[in-house]
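See below for the structure under consideration.
In order of appearance the chains are A, B, C and D, and numbering begins at 1 in each one.
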């Protein structure tokens, strides 16, 4: 497993080109310092940005348990399979991820894809393509399993298995982690550190990254979102896609204003079978295009954000 | 029962005129090939369309079980009938279907009407009129019964009874099937094939039709929708009718864009007692009129889509 | 109790002036016929209207049971009173009804107020004022009680008690009825007829009034709404007030279009504590003002609509 | 504890300047009378306003019970902590309150902050800053505990402890009270009076303040809101932030119109972890900016409103 220093090196800002698996980035500490110096007066980030936007693309479909929750009534009789519910999940890898991948290219942004291990194993070509197109592969457990109540060794195994599956399939070694339903347990951070992970996202407490001490060593938190997240908003019925657009744009407007004076990060999250529908991709295009009209905003993968957090002397430490 | 070849012939693209029951269409394979050749460069469909939109009109009211779910509180005491709930369903055949029929004529489109057998028997004139106006009658079970857990023979009987009822009442022999709540069981496709059906819609996994192998023979899937479907969105309170308009238009915008390069199908679904209200018909008019302003889009019955799927050498096979 | 003939006479279209209790209207059958003859070519109603809009204002607050449902969590411990929930209901008679009454005057329309008997007894001055301002008082039970499962005599008593309370307090003898949650039982219509009622509203099956046979005699149905009804849409969280505006306007647009060729009735309903909030009254003003810009639309009390139904030879009979 | 007279003196309208804890205001009764005389013809309030808007900022995060409700599924296994839910609450004091405080300054308004005692103890600097910036600290219990079912002495203790904690931390002695979920019990008002409180807000029955008799002495009610309240509207999924804007603006429009002839109060409420998100602060800015364009509207703390209620001879008494 990599030590922190190596991660910093690997997670450098350059080198995001071609279709090779890119988890080894080459910018040196020195280059970051230069970025700081050259940054515009509003810059609050190492790369000169005033606001950093991080987009997630959850790759889970195919790894869900039998009769996992879907927009269908949750009233299946025991012993039978919810076939239309299953086809709803299949949509995630047959249409959703491919559509979003094309859209990220068109919009010119790189995202972080949290991959359930078994989903990556089931559709290895798709997992590979995500990485080949320059996106980050982050770990998300081996299966959809309630993680917070697992004994230490069980939890460690499912985390490691999930990361190994991603590495095996894509060649990309995940350094970021997202627990099932964000529900990590009290051992999770230690396990992640032991396994060489560099950051987790299961925290909603801030609009900027920060560092924790885990067993006396730094560990980065790149905060996630549930309010600019298709899973909470949509579920087939709560919000319409156009409401999602308006709400996320309000979120951006305020963070952009604040970013004049303060380091701000905005997180937006999509799931294969929800964010990958035509209506949500149309909504996403509206959102991202709106954001891209503003100066000083950059879109970053979460490994890049974590790296900037580790490097930054003014980072919040808890 | 018809064999595949006969179906292909019957489901041809011409002949959609007059007020006779129209389930026998006359275009030959040859004509389809010509259509391919003459198609514009964006055409991805046999008929020259770049995007095909399929509208469903569920005819279920009158066939619902006692005290079926409605916008009223689901707390009836045992042994009593939910009379206002019942009148809510009656609206489906007294106002809803007639209003939609007029609207389809005004908009100039033909739709697929999935008919619950007992609903067609209860209101035979209305069922007849649907077919007489050029719409497709598809089967939807004999009653609202949970289908996925039925033994083979029971399931076969309710499917056959429902189709026979439609045939008897309308003269139209259904070739398409929709299970109760989309929940087919593991025997359903075999049964459908045995009974001579040519396609089913209980699959949400793609935005285009595809072929399955059932007992070694092709069987078409014309995917359905739950996100452009009044039953999930409305239920009396989740979405307002104007939200439905905005969301479905976002869906169209993206699929239309994609259809430049790829075969795309869009599905929109309405239920007698929901989609047939004045507000939803006004919403529908907005949606369809918007879509009709775009070149290369055609509205097709699902039997026509299935036929194109069988004929098309580039169709996806699973 | 009045016989049908007397009711017809009483429910005439003239005489809606001054601040006296007005349930006795004086137009003769002859005058109605004249109205038919003089009506413009689009007229589908006896009074020359092409579309009739009926607004309900439910007067229930004060008559609700202890700890009745409200936007507060429904988790009160037994033996305690939900005081804020109670104050939410008080809003209905302290602010809601008075605000709506002012608004109806400003908009120049008369409405039907379904009054829970005990609510009228608790706030007699308010009940009186409703009638004094020219609105119709209709019966709505004595208390909020589940009516559909009552024995015949019990049901008859609560209906009669509620109507008597209204008569006693306002001087207005109700001829219209609305059951608790619309849930009449199988005896209700007979009881209503015995008690001299002339119409009920607990039916959602049509967008126009119609006549039933009850024990061989005509009984009018003036259909109600749950989709243009604040109670289903709002409940404190489902719809925002502006969504309500847009949805109801879509409803009107379609019915207005249809009313060129067909008799159409639109129903809109408000409850004291919901429709009487500032936001909903602002929404209502938008809706009614929009409707009033259209020619050939009239706003009618339900007793007037029932009378037109009885008089009209082309009325639907079921 | 202060008697009523002293409170009236203390709660005067002047003296809201600097960064000292300001709960002692200096306007005399005489000055209020003068304000009445000098008021414009539309003025319905002692200070010359025609409409008074009161904004609440609930400070509860950090004081919530273990696994308190959050947008996460409420299905935690016993014995485990909902860590992401916990981080959702942390957002309230790490981002939410600081962001709102900056926004109130920018908008130039003072608000009432209902503080859970344990929340204030956990983040004393933040509690202090709220008061230092000129906002009112009001009591909100010591912890999140169901208050309505407590025995008299238990209830008195939690109310007193909460108020004492606020006083200790901020130097501000609360005179206003808000029960958990607004659910006061039948003893609450007496206890509040004994403890020297001057008003409570747990009543939704009017759009203006009023006085009750509690043990023969006046006690002010400054009505609260649940319909212009982020907690009911948002919960992570019911309303989008832009819907909240539109609904609250409709509320204002109507109350402003009514305030020409009648004393009107509008209440808007925000919670640290909900109203403090970027999207909701952007929404709030839209709302407040819209309101501030109207003449004769003032923003007031609830202690100021209570004082005006006590002084006003035309106040409603129940």
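Just so it is clear, a contact is a pair of C-beta atoms (placed from the backbone, for glycine too) under 8 Å apart; a residue touches a chain by one contact, two chains touch by 3 or more.
Molecules present, by chain and UniProt name: A, B, C, D = Polysaccharide deacetylase family protein.
Note that the coordinates shown come from a computational prediction; the quantities given were computed from them, not determined experimentally.
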{"item": "Interface residue overlap between copies subunit C and subunit D, same or different (over half shared)", "value": "different"}
{"item": "Relative to subunit A, chain with the most remote C-alpha centre", "value": "C"}
{"item": "Rounded Å distance, subunit B centre to subunit D centre (Cα mean)", "value": "54"}
{"item": "CA centroid of subunit A to CA centroid of subunit D, Å", "value": "38"}
{"item": "Interface hub residues of subunit C, defined as touching at least two other chains", "value": "238, 243"}
{"item": "Listing of all chain pairs that touch each other, if any do", "value": "A-B, A-D, B-C, C-D"}
{"item": "Interface residues, subunit D side, partner subunit A - complex", "value": "71-73, 77, 80-84, 87-88, 90-91, 94-95, 99, 236-238, 240-243, 277-279, 281-283, 285"}
{"item": "Residues on subunit C engaged by subunit B in the complex (per definition of touch)", "value": "146, 148-149, 181-186, 202-207, 226-228, 232-233, 235, 238-239, 243-244, 246-248, 250-255, 258, 266"}
